[in-house]
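Order of writing sets the labels: A, B, C and D. Residues in every chain begin at 1.
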Amino acid sequence: AKETATEADTSSVIQNETETTTSGETYKIAMVTDSGDITDQSFNQTTYEACKAFAEANGVDFNYYKPDSDSDEARIAAVDQACAEGYNIIVLPGYLFGATLREESPAYPDVKFIALDMSEADLRGDQTDVDLSEVYNVENTYCAIYQEELPGYMAGYAAVKMGYKHLGFLGGMSVPAVIRYGFGYVQGANAAAVELGIEDEVTVEYAYGGQFYGDADITAAMDTWYSTNGVEVVFACGGGIYTSAAEAAAKVGGKVIGVDSDQAPVIDAYAEGMTITSAMKGLAPTVNTLLSAIVLEDTWADYVGKIDNLGLVSENPEENYVQLPLESTQWCDTFTQDDYKALVASMVAGDITVDNNIETMPETAITVNDLGNIK
Amino acid sequence: MNKKEKKSLLRNGAFQSLIASLACILIGLLVGYIVLLLINPAGAGKAIISILKNFMYYPTKVKALQYFGSTLVKTAPLLLCSLSVLFAYKVGLFNIGAAGQYVAGAGACLYCALAWNLPWYVCILAAVVVGAALAAISGLLKAYCNVNEVISCIMLNWIALYVVNMLLSTVKDASSPYSESLTAKNPGALIPSAGLSALFANNKYVTIALPLAVVVAILVWVLLEKTKLGYELKATGLNKQAAKYCGMREKYNIILTMAISGALAGMGAAFFYLTGVEQWAVTQTSVPGMGFNGIAAAFLGGLHPIGAIFSSYFIQHITSGGAYVDKSMYCAQISDLISALIIYLCGFVFFFKLWLNRVLDKRDEKRAAQGQKGGEA
Amino acid sequence: MCERGRGKVTLENYAIEMLGITKRFPGIVANDNITLQLKKGEIHALLGENGAGKSTLMSVLFGLYQPEEGEIRKDGKKVEIKDPNDANDLGIGMVHQHFKLVECFSVLDNIILGVETTKGGFLQKDEARKKVMALSEKYGLQVEPDALIEDITVGMQQRTEILKMLYRDNEILIFDEPTAVLTPQEIQELMSIMKNLAAEGKSILFITHKLAEIMQVSDRCTVLRKGKYVGTVETKDTTPEKLSAMMVGRNVSFAVEKKDAKPGEVVLDIQGMTVASKRHKNNAVNNVSMQVRRGEIVCIAGIDGNGQTEFVYGLSGLEPLKSGTIKLNGEDITHAPIRKRSMMGMSHIPEDRHKHGLVLDYTLENNMVLQRYFEPQFTNKAGFLKKKEIHSYAERLIEQYDVRSGQGPVTLARSMSGGNQQKAIIAREIDKNPELLIAVQPTRGLDVGAIEYIHSQLVAQRDAGKGVLLISLELDEVMNVSDRILVMYEGEIVGEFDPKKVTVEELGLYMAGAKKGGGKNE
Amino acid sequence: MLLLIQYTLIFASVLILVALGGCFSEHSGVINIGLEGIMVMGALGGALMLKFVPATVPAIVMIVLVIAAAVLVGMLYSLLLAVAAINFKADQTLAGTALNLLGTAAAVVIVRAINMAESKDNVSSTITYIESKKAFLVRIGGFEFNWFMLIAAVALVVSYIVLYKTKFGLRLRACGEHPQAADSVGINVYKMRYAGVLISGMLGGLGGIVYITAGVSEWKFENGVAGFGFLALAVMIFGQWKPVNIGFAALLFGLFRALSNVYTGFPALVALKLPSTIYNMLPYIISLVVLAFTSGKSRAPKAEGIPYDKGQR
């Protein structure tokens, strides 16, 4: 009943809007970037592209907003601005929007909020003891968080299985999503090594760049990894930071693992076949699902108020929210597609569990050199 | 007769600064507009308007008020930075280090607030002291080693940034690159609003920092123009040797000047970060622009503390206004561009005044000459 | 007296004629319809009070300023001199009052600067060096071509300036107050050099405030007053008295008339003062002991650079002593800060008025209270300045000491003539009503009118029972003003004399270090 | 080890070029705080060239074109400083600061405009030049030689000769030391100062492109040049305004910069566990300390920062 009520006044507010969609409702979609830009080659960009694609496909009005500084105040201002311009579906990618949701979701009951990468903890901020419904407006907000540790695990597992013994992890900034990827990666590599009984041969260099873009300094560090320390493959995890990894890899024919989306096309621009795989999470699908739920199918009610923890749902990898790309991954006979499918299956089945804590580096049999922030 | 009045008005320094500043603003906006036109003629007009409208962009009174508040909140630190710059400048020192002292101040007040849970006034004090200390280093270097303050300040800007990043990493959120939120960790460190926020649609960031900033501006003016200390400091700035000759402690004065200047910048940081409006990102790789914009505001304000109040507001106004530019056509940096242009143009102000006076002099001489001729004949 | 130049147009061949030149500066007519005619091979002196317009006129001739009216002729032909290049092409060279030499360049580099000989853009210094050495031989201008300017004496710097002109084969040479900065010996050298040059057929314009020099070298002399042309006279049929009358418009007395001194008790007592030197290892001032009594003018004579400057720095507190004690009115002030000394009644007219004496970018009124702005009469308890009092105080001093400036108390000190800048300082220091007045080269670069005035002020202070310590490089000043003469040589007092009982020659010997352990000729 | 050398050299090249730029400007009497901004603009010029010239052209052509672009843009941009500081007697520090702020802002605006003109969605301020950049690199074993290293070395030698062995240099330095003197011997101080500033624009611009191609194949102009212009300033002072010393200073600073990134290749340093922030901070601290000891008798051009005005004496 509540939902329909919401629907009702939603429509009532926006009657005067011009845009109409197939469902007869009138929607305007806005996206607000967290601190980066929609070209951060990361979740902002993925989200933007998904929204845009959907909007164009369905003739819905769409625009994006960028906060003028990296602060809650600015993010809230951006949402205010979007709402003031009559946008009533607001997509917020990134864990930074917790405070924004706390403030704005109650303030605009008729606007629908879709928050990605938003865990309960992020949402609660410091209000740990009160009931969630008092923290934010459960009647117009949907949150999703991804189990990045899973694709991270798969990537690490795959890399070692493919025969790489000296791995590297280059994170952007040490933010939750990135950490989950990283720790998953380490666990995966460890599992594979143990499986093959080569714990003592496998090493992981682990570091964060402290920024989401590459530059001479980070490239220098990567050069050291590839050329001096003999690292074979680096999981470049965070926005444009892969550029430095790819730069260095290209010089010595090293390998790189992409992140978030299938980055093979981008990274291979540096050298053919550089990308052995990508640890993907399904931002785009989620965006699509929800936008269509609202705009096309009127099934928003099924989602609103939830904080989904998106990960593995099916034995069929492609139906999952987290996966490795089937086509661009460099399958080989030590790690075939079937091995991958098997892996997914056993993960779904729960035979394999991946720890998702982001406080401490997972215990491993293999050596992990934690270099912390290298810049 | 009225000729005379016109002349006296044109001769008036304050009036000259005013025209000059307005000219800078106009030209700056004009160039900005042209740039917009070049990029995309369609929305140029709309864009420049929304930059100028800033918060007035909101149809509803409430929101408008609220964001007027936000603009003011950011004006306070800018004002203090510009005071820092102009104070030093009046005393013959170019404190390009305001940026770094601002950083140091931010580091100090946030650390006191988050690591030691100290109340807001103590945190402000800490920021002031640390800012002063950092600037005093430049002062010391100039007084005793005659190191050009501009250079030492630039070095210290970077050092301050790196150190503060390291320091605040110890009080940052476990899972994000930001210093912990004051509201959560230590609300006592938030500068009280004393009911001011009510005036701005409960914009909780509006605090007594605003009136305080204005008061400081006035104090700076009094100190410079009316007091013995101001006289001494200016003398020292203009001629170190002469100051020594007539018994002023010239080294001490140079250091004192820098210290005061740094204190102002540090206070600016406190007035910003202790409102909780923004957290410090320990991954910052460049010094926040506040100090540099302070230079702009200082010169745009005709190097007058009271003028600085208005110029600071203006600069902040267009900076905030940049957020309302349609991102699908232009980028927010347009307003950075404009304020940068304005700084640049401020460089021409002195020449403008010089030129104006020359013109006036010429005119008067001509008059005088004619007068003489008349007399002889 | 001849009429205004426009009238008698040239029949004799003049090297340079400046006809009816007028040059205005904001608020002042620096040159008002001035005519100056320079014959070939003559030494032509230009005389006038401070701010009379001499430098300006020369700057016009040298192309630094453009005159509003009037024309310049070379060998009877009208010429345009827009900048120093034009002047150079016309063979006009100038030795500026404040030398225009690049401190960190070598003498040679300074000489060739602007007229370098190059091969493919690269400097070729060898010929240049030969030519310079030849010139310095010919005119007896010793220089070390490779020494840096900052390391050589003022005298050699000036010789460099002269060589600069000769190197450019200039025919017309302008000297703006060349002697203001030279020691007596150096002055004599310069005089003979100028004579040689004239003998070589070069024409010389020579600005100075010292009538003796004019009488000694010049053939003719043109006098300016307050920017106006007064007249031109043959030196041989005029006298210093006539000249100064022309220049100031009244008779000036050179012999400072003063009653005998009646020395009272000791004001200043210095024992074994030693001051380290910035430039060399051994001390600049070495174990100097001396006293100044009330009612006497003690003069420290000596050639520039024999420690006088450091001596005064030590005495006034600008530099710390290495050893020794200073007592003012019996109280030990050896380690007292400058402010304390000043408040205890020490006044100091500094050697360099631009460096120490004034804040050039402050107004005259602010400069007038530089030594006492903190006194209750100018600052209230809360630390606020009393602007009105300061203004009226400045007005009083300007009135009383006849300091001339564009806009009175609110004039920028920078824009005042050096002579008046000096007067302002003297007014400030004397009006403090000191116990001890230290005057370092107080008349440097000033005109006879100003000099007379300043000397009379010193004497007045003495007669008022103050102690006066005068440091001077100019022997006639030393002889005229002082009651007691101490000669300083290489940082030590080498002799004490009574001006009435000693000759200039004898003093000169002591100053040159030829004689030592000066017998107290009582 | 090779890596350390390689990165030391490339960072040093940037610093040498830019510091020499500052050196020329200051010897002419104009303080150039704006090097940072000039670098950004030069980088922009070069980057656009890299972007638009097909990567297929022969390396030498590419190199020449890119350098030309960077140099040209750098010079044009430095004109802003020249006009303000020389003709209009603006406060040089102020003008320089404006140049810095303007540089980044303008670059971002321009690049975005271009990107958006190409594709509506690409609002990034990034320029990519993966292929075309390869023209600058020559692999010699493990060592990646960059033509800019050579250019920087040449620039160093040439600057020394120009400053101390030519008529131009003599006059330039005279203008920085005692413009009135220069003027009185008929040297056009304004022209000389223009020359000085333009040269600094040239070298600064070059330094800019070298910096953004040093380690990466795409550059996001929002990031400016991360304070390298200021670091170069430090190098210049550290080098006491003398080309040769500047060379050494640059190598030293370059070494620290490189160390902060490749120290993971040296177990000893890894063991130290120093945060790389320290390495980044060191150059600034060192130059401060050095300044403290050398500035007493600093060789800074005497008249630098003082606008020249014929009337004044």
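Note that a residue touches a chain if its C-beta (ideal position, glycine included) is under 8 Å from a C-beta of that chain, and two chains touch if they have at least 3 such contacts.
These are the chains along with the protein names UniProt gives them: B, D = Branched-chain amino acid ABC transporter, permease protein; C = ABC transporter, ATP-binding protein.
Computed from a predicted model, the values in this text were never measured in an experiment.
Undergrad: Considering only C-beta pairs in contact, identify the chain pair with the most of them.
TA: Most contacting pair of chains: B-D.
Undergrad: Please compute the C-alpha centroid of subunit B, do the same for subunit D, then give the distance between them in whole Å.
TA: 28
Undergrad: Distance from the CA centroid of subunit B to that of subunit C, rounded to the nearest Å?
TA: 46
Undergrad: Quick one: subunit A and subunit C, Cα centre-to-centre, how many Å?
TA: 80
Undergrad: In angstrom, rounded to a whole number, how far apart do the mean CA points of subunit A and subunit B lie?
TA: About 40 Å, centre to centre.
Undergrad: So which bits of subunit B are touching at least two other chains?
TA: Counting only residues that touch two or more other chains, subunit B contributes 285, 327-328.
Undergrad: Give the residues of subunit C touching no fewer than two other chains, as numbers and ranges.
TA: In subunit C, no residue touches at least two other chains, as defined above.
Undergrad: Subunit A: which residues touch two or more other chains?
TA: Residue numbers touching two or more other chains: 375.
Undergrad: Spell out all pairs of chains that touch, sorted by label.
TA: Every pair of chains in contact is listed here: A-B, A-D, B-C, B-D, C-D.
Undergrad: Over in the complex, which subunit D residues touch subunit B? Could you list them?
TA: 31, 33, 80, 84-85, 88-91, 93-95, 97-102, 104-106, 108-109, 112-113, 116, 120, 123, 125, 222-224, 226-227, 230, 233-234, 237, 275, 277, 280-281, 284-285, 287-288, 291-293, 295-296, 298, 300
Undergrad: Touching residues of subunit A toward subunit D in the complex: what are they?
TA: Listed in rising order, the residues of subunit A that touch subunit D are 37-39, 48-49, 52, 205, 213-221, 223-225, 227-229, 240, 243-244, 247, 251, 269-270, 371-375.
Undergrad: Which residues of subunit B touch subunit C in the complex?
TA: Touch list, subunit B to subunit C: 226-229, 231-232, 234-235, 238-239, 241-249, 361, 365.
Undergrad: Applying the document's contact rule, which stretches of subunit B touch subunit D when the two form their complex?
TA: Touch list, subunit B to subunit D: 35, 38-40, 94, 96, 141, 145-148, 150-152, 154-159, 162-163, 165-166, 285-286, 289, 292, 295-296, 299, 327-331, 333-334, 336-337, 339-341, 343-344, 346-348, 350-351, 354.
Undergrad: Residues of subunit A touching subunit B in their complex?
TA: The touching residues are 63-71, 73-74, 77-78, 80-81, 84, 95-96, 99, 125-126, 173-176, 179, 210-211, 358-359, 375.
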